[in-house]
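Note that the chains take the letters A, B, C and D in the order they are written out, and that residue 1 is the start of every chain.
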Amino acid sequence: MDISSRSPFRIMLLATGGTIEKSYDASAGALTLDVPVIDTLLATLDQPDVQVDVRRVMSIDSLDMGEAERAEVVTAARAALAASDVDAVVITHGTDTLAQTAQALATALDTPRLPIVLTGAMRPYRVADSDAAQNVAQALMAARLLTPGVYAAFHGRVIPAGRIVKDYERLTLIESAT
Amino acid sequence: MDISSRSPFRIMLLATGGTIEKSYDASAGALTLDVPVIDTLLATLDQPDVQVDVRRVMSIDSLDMGEAERAEVVTAARAALAASDVDAVVITHGTDTLAQTAQALATALDTPRLPIVLTGAMRPYRVADSDAAQNVAQALMAARLLTPGVYAAFHGRVIPAGRIVKDYERLTLIESAT
Amino acid sequence: MDISSRSPFRIMLLATGGTIEKSYDASAGALTLDVPVIDTLLATLDQPDVQVDVRRVMSIDSLDMGEAERAEVVTAARAALAASDVDAVVITHGTDTLAQTAQALATALDTPRLPIVLTGAMRPYRVADSDAAQNVAQALMAARLLTPGVYAAFHGRVIPAGRIVKDYERLTLIESAT
Amino acid sequence: MDISSRSPFRIMLLATGGTIEKSYDASAGALTLDVPVIDTLLATLDQPDVQVDVRRVMSIDSLDMGEAERAEVVTAARAALAASDVDAVVITHGTDTLAQTAQALATALDTPRLPIVLTGAMRPYRVADSDAAQNVAQALMAARLLTPGVYAAFHGRVIPAGRIVKDYERLTLIESAT
């Protein structure tokens, strides 16, 4: 049976920034990553038996994520896996280098003991017609149903690390042919 | 591997009414089931590789669902399972008797060849702070990841038919102790 | 010059219930007037130099408003007019008998020293596609620009007391021919 | 009497761009003025007896508005004033140089035969917690109630041309002391 009926189901959410968290700064007249939005988004979800603990790892555009930052994400994931009160890990991340971070996690963690699910958005949570709430809701659901491993959950699709590709034309993440 | 990488993933959505579809009728000054809302909700989701076909079975409050109506839902599910171009079935339904319909499906279909996922909402899609979009997004994700069987997906939780209970105090669906 | 440049401009808002304030009660499965919503609506408006004080007079459907309740509204309006720190009065009200209350106010107050502007909504604030925020924003603006008197501000139109008619077909308030 | 009871009340809306019209371009990962949004905003308003005709003059950030562009706005306003079927003019505009355009209009048009009301927003219509819908709704109401002249309507306040100042700290438009 694939269903985790652990109650509550405990998710560690590692927030790293990315488009999903951009919000409008009226003084600057531009989108910034100055205000964390993941907690605001989570507060709109109804999930009386899911416990989500948010840990802020960084707040950057994923195009600015280099080896050092990626190593920090791996370290944070390792810490989450080591905690006894975590049933799954969700990572919010910019889409431009989400595939690289997933690959880095899969390489570093080999076979993690829990599912690790990366997600993000093509349009910020704080912008009209955003895909952020959908992606986070679906990533949380996928985190509960998947077997241990590293994945992206995005636009209703689950893609294993190593096969994730950003489709810049259709503005989504797709699964590469093997 | 639990991930269905069939692309597009084809879902037959059977709509039956329920709170999720209630909308405000300004002439009547009340909530009614006169206007179908499932297509409107689906149009807000980003899922370029999920194909959802909506089939309207009925538009009723689930407290008004008797044996005859429940049999109609079973018949519609059977037809969906018989179609060669369907990978999973999602059913939108009122929460008051969602458990009974799930049980009726599980009994009638024995071991269905596909996942059948029932969902709904405690607050109508067209009302502030609705849980409808979350539940539908998560049901669609669950339908892709679950093994064949009959389930409820609700508020981030998946519950197998036979164990679904409405919690009238916390206003959610919970899993009964065995 | 019609512009009140008093800063801040001080509005006393008398809340009486009506469709505008209906919200969904998930336990009852119906719209109720149990939760006041006017403050929630006002909190979404940007008006750094308008000060709105909300006074709750009652929370009823305007079809349930009889002579006694109407007299209470008149008394509350009189109190607002007597206050030295009020520049205009806005009253939120159900649309079914808004015209009668406006007439009662005009009769009782003769020539009030301030503008008194009644408004409401055809669809509750907490329901999709509501006209509540528009009507309240426009009533607040009209309250600042109108000369003393009793009016309805609704759907972009201002109608003097004595000429207000509910159009049940087009679902709006209109001005009767003289 | 200040109320225009002309029915329908006919407004010519001149759109020039500005923050109010910025929307998120997922390909560019930034806010742009590529997609006009005024019609989308107007479609959410209920105003069965107000007729708004939108004329696109330009789509620029008001910091990019020079003498030539400002002259174009004056020309468009002149054309609107010359039309026999227009009862008021509303202009949507960026806030950074809205005051200059209002001044240019007041200077060029001397005493216009109709009210000309400029408005805009501190946060784009397509961004969470935008002030755009409020400002447009209130500008439309003000356009109906004001005597001929050039004004800004913004955040519940009406300011005559010549006195409009952007307050960069409180992020609003204020009226200068004389």
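Criterion: a contact is a pair of C-beta atoms (placed from the backbone, for glycine too) under 8 Å apart; a residue touches a chain by one contact, two chains touch by 3 or more.
According to UniProt, the chain labels map to these proteins: A, B, C, D = Asparaginase/glutaminase.
Keep in mind it's a predicted model, so treat the numbers as computed, not measured.
Asker: Through how few touching steps can subunit B (Asparaginase/glutaminase) be joined to subunit D (Asparaginase/glutaminase)?
Answerer: When the steps are counted carefully, the minimum from subunit B (Asparaginase/glutaminase) to subunit D (Asparaginase/glutaminase) is 2.
Asker: By mean C-alpha position, what chain is farthest away from subunit B (Asparaginase/glutaminase)?
Answerer: The chain farthest from subunit B (Asparaginase/glutaminase), judged by C-alpha centres, is D.
Asker: Measuring from the mean C-alpha position of subunit B (Asparaginase/glutaminase) to the mean C-alpha position of subunit C (Asparaginase/glutaminase), what distance in angstrom results?
Answerer: One centre to the other, that is 41 Å.
Asker: If you average the Cα atoms of subunit A (Asparaginase/glutaminase) and of subunit C (Asparaginase/glutaminase) to get two centres, how far apart are those centres in Å?
Answerer: So the centre of subunit A (Asparaginase/glutaminase) lies 46 Å away from the centre of subunit C (Asparaginase/glutaminase).
Asker: Return the distance between the CA-based centres of subunit C (Asparaginase/glutaminase) and subunit D (Asparaginase/glutaminase), expressed in whole Å.
Answerer: The computed centroid separation for subunit C (Asparaginase/glutaminase) versus subunit D (Asparaginase/glutaminase) comes out at 26 Å.
Asker: Pull out every residue in subunit A (Asparaginase/glutaminase) that's touching 2 or more other chains.
Answerer: Within subunit A (Asparaginase/glutaminase), residues 122, 129 contact more than one other chain.
Asker: Chain pairs in touch?
Answerer: All chain pairs meeting the touch criterion are A-B, A-D, B-C, C-D.
Asker: For a test of understanding, state which residues of subunit C (Asparaginase/glutaminase) touch subunit D (Asparaginase/glutaminase) in their complex under the given definition.
Answerer: Where subunit C (Asparaginase/glutaminase) meets subunit D (Asparaginase/glutaminase), its residues are 1-3, 5, 7, 9, 44-50, 122, 129, 131, 133-134, 137-138, 140-142, 144-147, 151, 153, 155-160, 170, 172, 174-175.
Asker: Please output the residues of subunit A (Asparaginase/glutaminase) touching subunit D (Asparaginase/glutaminase) within their complex, sorted ascending.
Answerer: 19, 23-24, 26-27, 29-31, 122-129, 168, 171
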